[in-house]
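Here the chain labels run A, B and C in written order, and each chain numbers its own residues starting at 1.
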């Protein structure tokens, strides 16, 4: 009996461990090793922390990280602000028949690649784009305006790309919210704002936090959208990692940046969990 | 008896498994630029040789990164620019030497072959043969910006909001030439080079408000010029010629301080599997008719010796219009890039992008 | 006296439709201040819908609702002086007991100190002193119940609406809570409108009960009258148990008439029921109205002999199933647990008697129903 159990455990654990080591741990070990290596002019290698040090020494590096992190937080919050009413509408207002259809509408953009999605937005927003065309036609504008290549456009694109990852956990957590809690609050004298902040948000907190973690990480790790929609001022930290690897051929620096991104973003997530009084276990569940 | 049969079957299975991408037919894995393997030529090559061609599109930097990651495996043939080979080869050994006997040298313009051989030689052996060449310069909407003649106009506030260029090393180099400096001569003086690049970077930061965007995708840039969103860009000559065919107002302009000349090559990755097919492709692509087909499609001249007579008249007209002899003489050909320069340039380009 | 009582809740011809289904049909009633008013009906009859309209969570399609004389039309739930205790309580799980109770007070912007005082006072009231810091999931079913009621009562509403609040409790607790709830209502004096499908809850607690069926009120009366003088066969059937015996009216005169069953039993029934001769009627006879082996000296009883089919022991609620001689009509007869009938067994023949005033007749339903 116990023997059987042991075998069963072994049977299920093996693929998990294999997966963890082969696909997650091993590739990172080499990168980790690389991040501590300094290549001298003569092509020799030395073990140094200088790749990490240069992140803090060069303002451009850590400023870019700070900028990326702040924008990712803004995007996460905006995504939440947009996704909460949408999820509420899907779960509580829409009839069960339309519910599936609405979820499909949210899912639909994710059937094409991010590149196509971004180009879609670019076609809409660019100076010679669809929106400008209509605004000119309607006489609202007499000169086309460039709506792309600024922070607002970049945030718009990032929020759009992140929507699904916020809506799905919110929908599932709001589905478990008993309608009568909302009605009870209303009956006890609450207005809409109070209902949202005292009932809906506290109930949805685990979903909000797990959605926020996913959106934050995805946004922080995004490359295409900031690069294509953000335009000339949109240096994103991932782009800097890419540049280290690809343009400067400095893999060691790139690897160090990669680990710093991992560490710093984990730190921000940890801080977020602390501030919202959640634990990772609760959120994942 | 039975045992030996079994081992033969096993051996067969193993050999299939060991051969990646086995599809029954011979294949050539090509790592190249967009447009360098036109479908008509791929099809023709396949019918001629029976070899299937797998094409992966990329650019210089990614090409090097990819080959570096696999230490030169995964592809049978790559097409880096000639100036990006020797230093990379010295450091990472991602290419193998070319065997001149397998190449139909009679098809290649001798001066180009000689120059590429010289520029890509490491340890007494050369690592590439030329395929095509072209220049970077200005693509200008002449109706709106008739006075845009040099790289310095990329920093000219007359064209505020209508300027586009890449945050890549050619931009730095072009602007340096426009400042009256010769960056190529400083290639081996790292400090002086760095100082020059920093000066260029400062100028770019100062002129940042004038830029519409830093383009990353050639097709997207052409679209911006076509729609009139951009009037002045730094780009490749063939892009300008493509637009010229659609709208005569737009054309390539070789900058006063000299167009930047590049030569893209054929090079064999260190662990290429199907070297024979690679040589066949090289000889096939440099055959005059085929090279002309490529030039007619992509507007880029090749190193093929006899291709001129097969070229379309429009293509030749482009050439005559944009490259009178004096302009050709003024082309600044990229010398091989020493390592370390990329890091310096990368830092400056990051600063430009991060500045406000 | 009753005339100058204030009317706390007035409902006039209130109707609610869901598409083409009418859930509440022109219901009217009034509840005086301080009354315990129950609406009793089977599940699905429209009780919750009616209550939600009073609370403001649903709008009536027709009719008028007034609370303390004010027309409630267009007034949202958070502005109505009525509070609802939900069927499943709807306590806020993310808050502790005190925060749940304070929720409504805070919405009114009351001062912290006042809120604190009121919360502990109401917890005292519902016998949960010191429970402020408890989490909702730490409470038992009965305690949750009381918190839910306290959460509404602390707001001192004109009308407290309760939607089957005991439904989720087990039987024992339900019995206990019934009494407690009645006591609490007497103590606080708030007007209660209580809905339930459990007749015993309604009868025990209420001053007045409305029996609801398919969206309309069948009868509105005191519990005693509902039991003794049901106005409709539905009420007779729904309130308490009843045996139903179909037959015809014969030989009616001023004081009595005879009721004759198809299987030949003949009984006298009270003549104050307006049946003409030959009318087809259903006789409703409660199990507890029948006496086993009545005193022979007791004249004026309808008597018949019956076979005992089985004994259903259920403590104070024990019954026998018996069939009258010459008939296979099964009757439920109460079996008092005074040890007098301990020797009865299935197969015995017993005499059964009942007073003519306890048999109530209604026209046979197939005739009257449209």
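Here is the rule we go by: a contact is a pair of C-beta atoms (placed from the backbone, for glycine too) under 8 Å apart; a residue touches a chain by one contact, two chains touch by 3 or more.
Source: prediction; values computed, not measured.
Engineer: By mean C-alpha coordinates, which chain is most distant from subunit A?
Structural biologist: C
Engineer: Where the centre of all protein Cα atoms falls, which chain's Cα centre is nearest to that point?
Structural biologist: A
Engineer: Rounded to the nearest whole Å, what is the centre-to-centre distance of subunit A and subunit C, using the mean of the C-alpha atoms as each centre?
Structural biologist: Taking the mean C-alpha position of each chain, the two centres sit 57 Å apart.
Engineer: Could you put a whole-Å number on the gap between the CA centroids of subunit A and subunit B?
Structural biologist: Spacing between the chain centres: roughly 35 Å.
Engineer: Between subunit B and subunit C, what is the separation of their C-alpha centroids in Å?
Structural biologist: Centre-to-centre distance between subunit B and subunit C: 89 Å.
Engineer: Among the residues of subunit C, pick out those that touch two or more other chains and give their numbers.
Structural biologist: none
Engineer: Give the residues of subunit A that touch two or more other chains, as numbers and ranges in rising order.
Structural biologist: Counting only residues that touch two or more other chains, subunit A contributes none.
Engineer: Quick check on the complex: what are the subunit A residues that touch subunit C?
Structural biologist: Within the complex, subunit A touches subunit C at residues 178, 180-181, 183-191, 194, 198-199, 202-203.
Engineer: Inside the complex, what are the residues of subunit A that reach subunit B?
Structural biologist: Where subunit A meets subunit B, its residues are 41, 43, 58, 60, 63-64, 67, 126-128, 146, 148-149, 227-228, 231-235, 239-240, 243-251.
Engineer: What residues of subunit C sit close enough to touch subunit A in their complex?
Structural biologist: By the definition above, subunit C touches subunit A via 55-57, 76-79, 83-84, 86-88, 90, 92-94, 103-104, 107-108, 151-152, 155.
Engineer: Of all residues in subunit B, which touch subunit A in the complex?
Structural biologist: 61-62, 64-65, 68, 88, 91, 161, 168, 208, 211-214, 216, 227-229, 339-340, 342-343, 345-347, 349-351, 353-354, 356
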